[in-house]
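Chain lettering (A, B and C) follows the sequence in which the chains are written, and residue indices restart at 1 in each chain.
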Amino acid sequence: MEQLLVPMICKVDKVIQETPDVKTYRLKFRDEGMMEKFTYLPGQFVEFSLLGSGECTFCIASSATRTGYFDCSIKKAGVVTADIHNSLEEGDEVGIRGPFGNWFPLEDLKGKNLLFVGGGIGLAPLRSLIQYCIDNRNDYKDFTILYGARTSADMCYKEEIKEWQDNKTVNVVLTIDKPEETWTSNVGVVPKILEEVVNPVIENTKVITCGPPIMIKYTILSLKKLGFADPDIITTLEMKMQCGLGKCGRCNIGSTYVCKDGPVFTNEQLKSLPDEF
Amino acid sequence: MSVETFVTDKAGLQKFYEAVMASRETYAPVEKFGKFDFKRVARVTECDPESPIAKTQSIKPLFFPRSAKVMKFVATSAGTDVSETDEDPLAVKRAILGVKHCDARSLQVLDKVYNWDYIDTDYQKRRENTVIISTRCDRADTHCFCTSLDYDVENLDALDVLIVNGSDGKIYIKARTPKGESFLKETVTGQASPVTDEIASPDLKKQYDAFAGSFRLKMDYKEVNAKLSKIFDTPEFENVSGNCVSCNTCAFVCPTCHCFKISDEKVKDTGVRYKSYDSCNNGYFTLMAGGHNPRPVKYRRWRQRAMHKFVYYKERFGENLCVGCGKCTIACPVNISIFEVVNQVSAAGVQE
Amino acid sequence: MNYTKEIQDIAAKLFAEGKIDVFVGYRVNGFDDNQVPVLITDPQDVSKLVFTDKSVFNLVNYLKNDHTRRKRVGLVVKGCDSRSLNLMLTESQVKRENLYVVGICCEGVVDEAGQKMQNCTDCMVPDAVVSDELLGTPSGSDTLSGSYKMNADIAMLAEKPLTERAAYFEEVFENCIRCNACRHSCPLCYCAKCCIDQETATLYNGANTTSGAFHALMTWSLHLAGRCVDCRNCEKACPSHLPLHLLHKQNESVIYENFQEHLAGVVTGDRGAFYKYSLKDPDDFIM
């Protein structure tokens, strides 16, 4: 197994400062032929190592439909992520293992209305799916993105959100927690805006949500209140991981390995797990 | 499959051990500070294959090292490089003497997790290249409960060669697997003579019955599996884990605990990445960057430990993640017994 | 030494008067006559409490981390345990008003084999130095002016030349499995992030190499220099039976000799050798 734990080397192609504490790293394999073999689907994650500091789990924030690179958006939160933020620059090299885990149920989503509910850095895994769906736009019906952040400065992917807003086939709803002078859009927490502003169609709609644990919890409550069924609510879990191979035991929730059976779960599946996430 | 049995005496057994050591790299329990750990040995006098079970560490580190080097790396501003380490030649043929039955069994349990989905090839190579030579215990220790679990201790096929102290000073050496059989062909000397199963079996049975009759702890694992799976929310977990000091040593000495962590050690530009043991009783085992922790308090971590051993692993891989060796209880500074914990919790759950 | 009756009565009284939420004491372990710590929250369970010369574990450990946080605690302390409690108080880790301390004038405890513990033979402070109630007859020894009882192993070490000593320690640490049970069972290792710990480690990763173990244990022992009270909780927890006291007693003897006969935790409010600095401090033992 030791070989499986040895990462491939990637070069940082571009660093984008998304918010004061989130940076997106655009990565390319040093060995260019690797990129073709690196096939992944929205929802999967990689193990990202800053050699010497350690390894962290991040979802892939871009879609394989945009070829030649992949993105990881990293929030400065712990020891390794702080090191990454402080020392990793364009041209530097990092280790990548993956892709690991399952992906969003792409077949199930076909022909459905899609509602994306994201909060903060939780937009990263959704962005992968959003890009994928926009690139295959004809496969899906109505397309709504609800995205909330604490402040307008904390919104990730600002440029890309503008692109989505310019796209006539995409309905984008933005919200921030507290009023700001220059902010003309919605104000309020995500579940509130979901109920009061978005007011989604329940029929034939799949909801994909990701954000801080507390946001997910209340969003699911709101969705249930609106009348969504458990199998139609899809989320992706954050759990401490180390190996990504279903061996190290960290991501166990009951007999489920989040790194193998997840990180994407429907609310129906989550309900059968012990309440430990 | 014909499996061969030999009978010999104490002197003959020593000769057999010598032949083992001459034929392969041999590991056996070596004493230090009153505790036995499996180490490389060259002479029979260095080790004690019949070391007391309560004082012997498990053989897990010989298959899943306490710290394995994953890779070496160079990380400078000029570039980064990773390379595999050349340590631990996996192709070397090994034999382990003095393996306890519970330890041998633990390998069967670990096989399940290492061979699902991604295959741990290093572990597998170590398994393939190792002959397990196990001396059956003559009596159970205070904390042993192997006979109460989901495996057949008497006919355990996790070991390649079985050694049993029979009556009248007779010692039986018996192959349990084809690997063991061909190994005995190489190593059994003239001092041991073949014996038919008709003659050996009654004596082996007698020894086993005496051993099986010496257990203080007995339980019905099926009942524990069934009851535990229904009582995730019982407050009894708080009671049983009350005096745990969260020292984590239970997981380190457990032959079946297999959680690990990955860490880097870097000096200037070069470094090594290690894979080392970890324990779910650590407060920061599931602590995520940003502060979210699904198991922030002690009893939740204990619940994970107990449930992983007797519910989750069983659900996933069909085995209990416990072999009943009692090593955790002996190592525990406050003698918390996994046996007592699961029995007490499942009993309390029923009363409510 | 048997204070079972007295301790049961005290605990029952404290619960009856509503003075405590939890009582930390000892109970018989249930399979032989050795004892394990018990945290009693239900007054009906006080009959489980015992105290004899088998009451070995230092219960002050349960005052750290989340064991008894924000609770009013009654606990039993022997001489050595009370010194570690004293340090916890001095270092502002516990509030005195939340504790009811039953001090013991200790006559020494025995290990699992029934042998008197080595730290009890060397003990210079048998009577509890912090207590609300003292059980037993004080030994009457004026602990601070008593002559230092040199540990036999340290005396043996001192006779070895430096190179041999290094080789000896190398051999000792070889069997360390880096579980850090020593650090977790030490009442004075209350740091939330420890430099030798597995994951929070910033100085050492948890890799199990002899040099890793050597450095981690050395650093750990230096952090306890002038604080270790020789209760031997670490040795009780060590699954490899490593003689960890060698490190601590070595530090203790050097500090006693060089810093005005300082013994950790004997005086409340005494911040210990490493917290005080004087230009007159000797430094000739520093390599």
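Convention: contacts are C-beta pairs under 8 Å (C-beta built on N, C-alpha and C of every residue); 3 or more make two chains touch, one makes a residue touch a chain.
Everything numeric here is computed off the predicted structure, so don't read it as measured data.
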Central chain of the complex, centres being mean CA coordinates: B
Far-end chain from subunit A, centres as C-alpha averages: C
Where subunit A and subunit C are represented by their mean Cα positions, the distance between them in whole Å: 48
Whole-Å separation of chain centres (CA-atom averages), subunit B against subunit C: 32
Centre-of-Cα separation between subunit B and subunit A, whole angstrom: 40
Residues of subunit A whose C-beta touches two or more other chains: 79
Overlap residues in subunit B, where contacts from two or more other chains coincide: 261, 263-264, 278, 285, 287
Sites on subunit B touched by subunit A in the complex: 68-71, 73, 75, 77, 79-82, 84-85, 113-114, 116-123, 232, 258-264, 266, 271, 273, 275, 278, 280, 285-292, 294-295, 300, 304, 307-308, 311-313, 315-316
Complex contacts: residues of subunit A adjacent to subunit B: 1-7, 9, 49, 51-56, 75, 77-81, 92-95, 213, 238-240, 242-243, 245-250, 252-255, 260, 274, 276-277
Partner subunit B, residues of subunit C touching it in the complex: 29-32, 34, 36-39, 57, 61-62, 65-67, 174-175, 177-181, 184-185, 198-201, 204-209, 212, 233, 236-243
Touching residues (chain side subunit B, partner subunit C) in the complex: 32-35, 37, 57, 65-67, 142-143, 216, 242-243, 245-249, 251-253, 261, 263-265, 272, 274, 276-279, 282-285, 287, 297-298, 331, 333-336, 340
